[in-house]
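Here's the structure, in structure tokens; my notes come after.
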């Protein structure tokens, strides 16, 4: 299986066992660098796909929680290279497919070619790049695809129909449906169902909804109209508060 | 993207820029520029770009823009001969007086142009970021003029060092939001304004203040600021009897510089020099000399020269002048540097402060701290190139800098 | 002297003023004006008057004055149509933008003119008084521009309420002397500047800032400020398609008002209204409404309307705006009131503050507190006289008023 | 004898007895209103002519001392009318000729006609009006002259020769030669002798020098080239300090 297929597959597997796929997000090396791998492992044991946030100095699409975690992680010395090294050294046993969420500049600075190779080696199956719209993504996409890695496209409630088709078919692994026209950290909108139905209807790939998912109700609501639920700020806040991520994540998808 | 640099044809790129063909359809100046934005903003940017492309050339829009420039902003701004500086420097020094524009800097040209555009695009409210506060004041004034509510994001550090401008924004009816995240200066303010926009892309117009950010801003701002260079060129011909040998402008994001330089690009005989903030030294974090010391990367929606570390993390900057204290720069400047048409130099905090004092004492013009960097570099150049005709873009007045200047009492020159 | 008033022929006096025949050889506008000065200053005033009479009409002097106005001051200043105020007031409102002149008020027209004259008269140094600080800043700038040292006398109270201008004067290289005698505002500053002049009448040029004081100042200042009305008249014809029905200007000493009104005196169809500071009420000491409530007398070298008690002691005044806070007024205004050509009304502190907020909110122009009085009166008039074309002399910008305004937060208009 | 002749006569009398005429100046009602008449009497007993300062709100030709005394006197309720009333009521026995020194505006406010009559009645022989140059003085001069009262002209070191002739011949009582081009309260200049000789040479009236005279040497120096010495700020300072004015004045002209 190609890395991007592992993503699609993991989500479909969850669905076929009657569950909404759960895609937890953590900022790498936050709150502490020492606990990164152990937390990742704990989260990967519950989640179907795990999103790892590469911290960036200018997280312009993120709310307060992820901004804070991002700045602190940088201060802790976290970098893309550090994350890859950690995965190389300690992550071989993690079988849950991983996705990197990163703003573009750290990827550019790393160099696309080397990035694709190192990512593939580290078990990274996809990239989410919130400041890289489709029009600018060709070079990165091609380079990643050469390693079988997905460049996951985001769609939003304001995305017009043709563009929705374009983005869902250009995506890899899954489609990231932003639930709100806003930054991370807010709540869920009321017309969510319609929107997710619209996306799912045109998407050849499973659709995971993100932004504003915090509680079991959110996951179950999302699950009725999408394949998966991405949980970001809420999980980061649990980690900040010293809570147990696995317990929290399990509470989101009660049996 | 990096790979595009070596391949580009410098002469062809410059010719295309002069011919008005840049940015290209993808918003690029050669390799630089583009539009790196969250998907949420794509429809808003599409609307903005279509609107700008439709209205900027529209005769009716142009007529109302030109009328506002003339009747409200007070254009054309004067071109002043500087007799005493000329004598001291052994040069013929001319000054393009954007400090005389309404609200005290070139920023108003862009602000009123975009405010008119916001009305055309049916915006319900305007948001803006500001560094030195000049763009915030200009936006507040322009929004009042066109009747739109205005909210300004400003770094907490900048609010302190440019306090007079905060008061002015409030008086002009704007809401000022202190930004306490990130570096608490201009860059953080732009991030925060972007976030606000993402949360309401429909009804909000984001009035960006410099020739930076995602396409179409660098182009839009250049078009609205080019009046500086157009006027200066014509005034030099008429008042000085000919074009200058060299033109200087300070470069923060680069809007006053591109406004002055763009209409002069085709005059091959004019040397063009952009002046960045040299801060307290050459080390990363000690200055804001993006073009002089930076590397290419993507910051705040645009591929350009930025100040970053090896991991691509954008670095904090230092400049005594809030308006130059920015880790990025407009993509057109990055291209003009790459093709060799414009050179970019630096002036340190101390040089700028000294130049500010000199311009006060010799010509009775209290220039902005940003602008003072241009004078400092021009003076250095004049000493090395005696007898030349020099044009300096006097981008703004220094009233707003009083709180900062109070920490640097005049040294006394006589 | 009082006896001259009833005997004067109003029409003949007005005609003479319009014809440029006033002040007469003795420096009089009808009964008003004259030269009440210590004998020590008589030679200095003779030199000044002869110099002014010689150089003002001199083509070479005029050429350099006009060049400074154009190239350095930034004239002509814009005439702005005010669409939103017009709508709110039910009028057609036009604004003459002296706030856009270099250093931020009309004061610079006079300052650079007199500074050039000081050079011609061989002065070694310049002294000036200032109230709001605008004239001090203008003098400091003008002196730097012509290369003369400048010392400014400023009342201690004014230094506090116009602190930004104090900093600007110092930056522009002037020396600022706090005046702690008398009322510690403009009047005391003039007294102190006069004293300083008395002590060195030879080498010193006294650069008086308003159309007040002994002859030839009221005339000299009017001649240097008349450019406001000349431009406005021509701009109204061109931009508005005709002359205004009424023109408003605030009146402290009266320099911006006479500058605006003088070239319009001959247009009988234009109603001219000067606006004084109504302060907090009608009582002596509560306002600075010299023409509206004063009586004739001699103050600071000139027979004019002043605020005094029955013993002839000049009274302290109150106005929220330092620039209007003066117990006297230019003698030409006293005459124009006496002959009935100009009417003088008042606006209170509160009305001015409210008008300031309105002009900010509606037109994006942060006007000076002094100027705000003119808006307040214009608004009142507009409501009583619907559908008229109104010209307002926007004498300066309000940046300098920030410390005062901080005590009066915006009330919020929407 | 006309009032103005009394002035000339008093100065000439002092001179003919070998003395420099002494013209002390006090601000009326300063430091206290209650002591005005008693101080005036004490001063008049030593001085040949006494100058009474009418306080004014804008004493633009005066230095710090006289400014201070002037503002305080106004605050004490002193006015031209008050001074005249005091003299009417208590001054009948003062035989030393008096001079009023006043800025123009209080005189204007009083009204010239009434002023001249009241002044004459109160024993005032002359007026010094520091802000009334010759060119503006006709109306006041004519009105005062109708009562025989002098309008005393001031001359200064910078007064050109023809103007010196004009002013000295237009003066009444005596000529007031300002010693310095400055305000009251300073010291004496070095080229004093020449200047006073020049004034005395053209003046048909005795010349009294004023501004900057504080000590016996000053009086004797002035006395070699002028008929009288006017002592202002220095005397006001003695009064402020609670000193005895008569003692101080006598010390200026030791036998």
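Per-chain residue numbering starts at 1, and chain names A, B, C and D are given in the order in which the chains are listed.
Just so we're on the same page, a contact is a pair of C-beta atoms (placed from the backbone, for glycine too) under 8 Å apart; a residue touches a chain by one contact, two chains touch by 3 or more.
Everything quoted here is computed from the prediction, not taken from an experiment.
**Q** Keeping to the contact definition above, tell me which chains border both chain B and chain C.
**A** For chain B paired with chain C, there are no chains in contact with each.
**Q** Provide the C-alpha centroid distance between chain A and chain C, rounded to the nearest whole angstrom.
**A** Here chain A and chain C have centroids separated by 67 Å.
**Q** Can you compute the centre-to-centre distance for chain A and chain D, using the mean CA position of each chain? Integer Å is fine.
**A** So the centre of chain A lies 97 Å away from the centre of chain D.
**Q** If you average the CA atoms of chain A and of chain B, how far apart do the two points sit, in angstrom?
**A** Distance between chain centres: 37 Å.
**Q** Going by the touch rule set out above, which residues of chain A reach two or more other chains?
**A** none
**Q** Return the residues of chain C touching two or more other chains; collapse runs of consecutive numbers into ranges.
**A** Correct list: empty.
**Q** Can the chain contact pattern be summarised as a line, a ring, a star, a complete graph, or none of these (other)?
**A** Basically the chains just string along in a line.
**Q** In the complex formed with chain A, which residues of chain B make contact?
**A** 1-2, 26, 34-40, 42-43, 181-182, 187, 190-191, 194-195, 198-202, 297-301, 306, 308, 310-315
**Q** Enumerate the contact residues on chain D facing chain C in the complex.
**A** 56-64, 67, 71, 74, 79-81, 103-110, 130-136, 139, 153-156, 158-160, 163, 167, 178, 181-183, 186
**Q** Under the stated contact criterion, what part of chain B meets chain C in this complex?
**A** Those in contact with chain C are residues 70-75, 77-81, 84, 97, 99-102, 104, 140-145, 147, 149, 164, 167-168, 170-173, 239, 357, 360-366, 398-399, 402, 405-406, 410, 413-414.
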